[in-house]
Amino acid sequence: MTILTHNQWSAISTRFYKLWVVTIADRHGWQLAVFITGALLVGALAMWMLMSVPTRFRKPIVMAVTFLGGLILALEFLISTDTWHPLTDFLPAYGNVQMVIGSFALLLGLVNLFMIHAEAVNKRTRGWINSFAFFVAFFAIMIAGFVKDYAAAKAVSGSADSIYTVFFEGFLMPLSSTMFSMIAFYIASAAYRAFRIRSTESALMMITASIIMLGLVPAGQYLTSGLPGWLYWLRLENVSYWLLTSPNMAVQRAMAFGIAVGALATGLRIWLSLERGSFFDRQL
Amino acid sequence: MTETMAGWLAHNSTSIIIWCAALCTFAIYSVLYAENRFFRLFEHIYIGLASGYGVYITWSEILGPKWWIPMIYKGQWYWMFAAVAGSMFYFMYSNRHVWISRIIFGFFMGVTAGGMFRGFYEVYFPQIGSSMKPLAPGGHWGWGTVSAVVFYALMFSAMTYFFFSFEHKHPVVATTAKAGRWFLMIGFGAIFGATVMGRLTLLIGRLNFLINTWAPQAESDTRRIWLALVAVATWPRFLWLRVSLAVLAALLVVLLVIYFRRRQDLKQKATGTQD
Amino acid sequence: MDILIKLQKIDRRVIYALVIVVLMVPLLLQPKGHPKLVTPEVHHAFDVIDSVPKDKMVILSSFWGPSTESENGPQTAALMRHMLMKGIRFGIVSWDQAGSQITYNIGKSLEQELHRRYGVRYGVDWVHFGYKLQNEAALRGIGTDLPTTMEREKEGKLVSTLPVMRGIKDFHNIGAVVEITASGTLEGTMTYTTQPNGLKLLYCPTAVMSVEAYRYLDSGQVKGMLNSAVGAAQYETLIGMSNVTTQASVTTWTLSTAHIFIIVLILLGNLGYFASKKAARRQGGEASND
Amino acid sequence: MGDITPYANSAVYVVEGLLVFFILFKIISARRGRELFIRRIPGLSSLDEAVGRATEMGKPMLFVPGIGGLTVVGLQAMAILQHVVQRAAKFLTRVIVPNIDPIMFTISEEISKEAYTSEGVPEQFDPEDIRFLSSDQFALAAGVVGIMHRERTATVLYFGEFFAESLILAENGQAVGAIQIAGTPSITQVPFFLATCDYTIIGDEYFAVSAYLSRQPTLLGSLVGQDYGKLLMMGVIVVGAILVTLQATLPHLYGLAWLNEHFLKFFPRPPGQ
């Protein structure tokens, strides 16, 4: 079941390709500057036109762009040819464009972080020292990174590299892994003060959890290593492996089929902008 | 001058890193005892470092090589349109034109949603396929049949639990759904055990650093500092250093006495007015 | 019985202190070598990497960051060490900003350690593609056209100019894809990188993500798995490090004590809970017949 | 792994086509006003019991709408909040709602105000009960724990997206002696709620509860469509299982090869099976 054979596809795409090459040939020197400012002007014009679009056309535009964004990946899969077709060749470039545009969103999170901390520093509210420390840390590692890469003098970039490494391995890595490791303390205190076996359900869950926890570590294997040969299947590591690969696998797959259909439903609702209703209208 | 600094930094950077890492670990764990300024300060340093590092790495490994270099050095001028599209994100902050940011957010959400068709095929068709387990593998009925029956019983009862559009009145459906919730507990028990193991591994990683990396480093450093102190205290060569240190110490003591005396007066005046 | 009830009211800081003390004992003792047990999925992972031919490359697709370094770090190091020792070419791409620096440091320190015996060099035996923003088309691009998708490596040179990339164009030259992650990114890699091109996929998750992967091992979509640091320790046993003490092996020994400690805590907590409920019922009983 | 065709085959058009048809057909018919049936989740009755207990004891309730912020799951938590606040307003019981997202904060404030006004007691609504604590995960947890201990809340409800901080909340909720009901689609947090709360609504049940309460057409239609989708997948598996068993026991059966070519081949099975 094929719509267009491979050479028909390539015939069409080569014609487009020639047209494309002429318009986007590389420019250098002053020509480059002209083309870049030209592109900037065209972009600014587009933004201005977008701003003056009447409200009743806004929702259709957002719906159309959302739909088109997904169309390329959907068609790339749904159009079936025996060998290959240009949409697949287009994906690496499509990925690069998404990567670049997406990276510009990095400063989004920073804008309100800067607003909050700048306000704290200006108004000297309680704990403004912390906001000041935020700025120092922010610019210190950024400047060390850039100086490390772009400094001319070997010694300057060498010492910047050492400072950058101290900031990264001495502060950023330990802070983030320590922050995340705190949850182990909360689990321990919850284990003693909050995990209650109140019903058969929680009993079943706790027994399974204990077997699997013991089955993965040497202590568990040692506990049941005394069992004679023919009882090997009662050894903790084997019971834990069976639990994980048989009942747990079946149950995870049951939940997965629910998530699979759920993901398809959510994807459809987003792709076709079907999310409507009292709360969603206000936000999306 | 920078050569000596670069040399010293390069030489000592490992011990500096270990000491800073230990300091950060103690600062964050101090919140376990009680909320304190030390923790609050290092938390903000963490957020600052993470964001600053994000800007540096995004430029040096994406925007630089994939946008700036092709646009400026290779003459591909059309990359400027990517910057224009990227600027649409920031309309989120304007109250009149916030809808323009929804265009670019919509585009990225659409791209993710567009992949659902291939996603369903590549991930779940093999799952459906491998769920078709023969009741008599290899043509003979035996242990294979038992494990296949166990598999089907568990999977179908767990799936029945998640049906919402018809009532669970019929006894067969109701008991299957009840059994389904019990079998789900095995799955959640596995997740519980695995999560406990994962979180403990992270904590063990930090404690291992403190005990097996920082402690020996601290030990050798204190021994070196101790030897230096003994040298300063006893060697004749450092006489002038000993004298200046003594003077400094005396000055410090005097300042401290004055400081505490004044704090005492302030406290008296405050309590005095209250009575 | 009333001790258990009184014990219910312990301050949580006492428990925190107990956790530190219990975990410090095995860490101070530093038990030598690796535990013996190796689970089947780690064996399969080892066989897949070991059988990658000379003309193919292995892609390490790393999604993790510094917060799960104690779980994903040992996995990355064990795999890199095995491939550097066996002379299997590999490239690592990091979809996490800070993860890009950590994985680069792991690679560099291993390169220094193994350079004398195996003559491994950056750009010839292994390459780090640097940080890339995660998106569907880029994941697909790994299979369809690796050099265009990756374009430049971490140190800024064009990827196509490196000797390690000679003859590497698309999925025909990729021996295996290894996903090292701390979040739910497996479906994306399967959808875009490995399933469409029929590539072998190995999975190195954090422990919490490992539970849902058994259904992919059953269906063959994932060929092998290293479950957190315990899986990394088992892999290190397979590459001949069983009598060396590494972070992964120390973690596995310490987890033994830690797991028993947590299970004891749960039991004690529940005994106290039932004791206080029975005591309350007895008081209720006495109050009703007074 | 069968022949690797990286593109859609006829089985994809049939199966995915049917799934998309079920979901879209049900959503559109729900929006055209057709009444769709969603069964009452058992968790809902334990939720109403918990609300009743707080009104008996005359102590305030705490509703934590998750820390996922402004997402589809977070917005559905608002539908559940509306149900809880309407019942609480009837008996003048306070409902404290700590938020992590400023927009969610404004929505929960509007919902609470509407509930009290519809009960005819607008002056009873205390704006202090709806609070924006912080946008940081653990700072919010610390704030909520403070409220629990100060207000001695009788009932604590957790609905929405939760991550690692769920442990701190549930532990302190139990220390205060409150009844705790939780509902979250995040599968990795469900075990910890199961171990600490009185009743837990699991995974997709969360969407069923918010659909049942909000009667929101897109949500109702999507859920019913998904049920049909799951039934279809169960059917395909059962048919496949029968065929595979026949293949193993009676390989020369007439028509088996044709069925394999037109059905089984599209669902790749591992070589051993």
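As written, the chains take the letters A, B, C and D, and residue 1 is the first residue of each chain.
Definition applied: a contact is a pair of C-beta atoms (placed from the backbone, for glycine too) under 8 Å apart; a residue touches a chain by one contact, two chains touch by 3 or more.
Since the structure is predicted, the reported quantities are computational estimates derived from the model, not experimental observations.
Enquirer: Most remote chain relative to subunit A, going by C-alpha centroids?
Expert: Between subunit A and the rest, the longest centre separation is with D.
Enquirer: Could you tell me between which two chains the number of C-beta pairs in contact is largest?
Expert: Max contact pairs: A-B.
Enquirer: Report, in whole Å, the distance between the mean C-alpha point of subunit A and the mean C-alpha point of subunit B.
Expert: Their C-alpha centroids are separated by 14 Å.
Enquirer: Rounded to the nearest whole Å, what is the centre-to-centre distance of subunit B and subunit D, using the mean of the C-alpha atoms as each centre?
Expert: Measuring from centre to centre gives 27 Å for this pair.
Enquirer: Where the CA atoms of subunit C average out and where those of subunit D average out, how many Å apart are those spots?
Expert: That gives a centre separation of 30 Å.
Enquirer: Which positions in subunit D are in touch with at least two other chains?
Expert: If we look for residues of subunit D contacting two or more partner chains, we find 1, 6, 8, 12, 16, 19, 164, 171, 187-188, 191-192, 194-195, 203-204, 230, 233, 268-270.
Enquirer: Which residues belonging to subunit A are in contact with no fewer than two other chains?
Expert: In subunit A, the residues touching two or more other chains are 73, 77-78, 88, 96, 98-99, 102-103, 168-169, 172-173, 176-177, 179-181, 183-185, 187, 189, 193-196, 201-202, 205-206, 209-210, 213, 216, 244, 248-249, 252-253, 255-258, 260, 264, 268.
Enquirer: Which subunit C residues reach two or more other chains?
Expert: As it turns out, subunit C has residues touching two or more other chains at 12, 16, 19, 67-70, 98, 101, 132-133, 135-137, 151, 196, 208, 211-212, 215, 218-220, 227, 230, 255, 259, 262.
Enquirer: Line, ring, star, complete or other: which one describes how these chains touch?
Expert: Topology of the interface graph: complete, with all chain pairs in contact.
Enquirer: Looking at the complex, which residues from subunit C come into contact with subunit A?
Expert: It comes out as residues 8, 10, 12, 15-16, 18-19, 35, 37, 39-40, 65-70, 98, 101-102, 105, 132-133, 135-141, 144-145, 148-149, 151, 211-212, 214-215, 217-218, 227, 230, 252-253, 255-257, 259-263, 265-266, 268-270, 273.
Enquirer: Along subunit A, where are the residues that touch subunit C in the complex?
Expert: So the residues of subunit A touching subunit C come out as 73, 88-89, 91-96, 98-99, 102-103, 168-169, 172-173, 176-177, 179-181, 184-185, 187-189, 191-197, 206, 210, 213-214, 216-221, 237, 241, 244-245, 248-249, 252-253, 256.
Enquirer: Where on subunit B does subunit D make contact in their complex?
Expert: Subunit B reaches subunit D through residues 35, 117, 120-121, 124-126, 128-139, 148, 152, 156, 159, 162-168, 181, 184-185, 188-189, 191-192, 195, 199.
Enquirer: Considering the complex alone, what residue numbers of subunit D touch subunit C?
Expert: Touch list, subunit D to subunit C: 1, 4, 6, 171, 187-188, 268-271.
Enquirer: Contact residues on subunit D for subunit B in the complex?
Expert: Its residues touching subunit B are 1, 8, 11-12, 15-16, 19, 36-39, 41, 142, 164, 187-188, 190-192, 194-195, 202-205, 208, 211, 223-224, 227-228, 230-231, 233-234, 236-237, 240-241, 243-245, 247-249, 251, 264, 266-270, 273.
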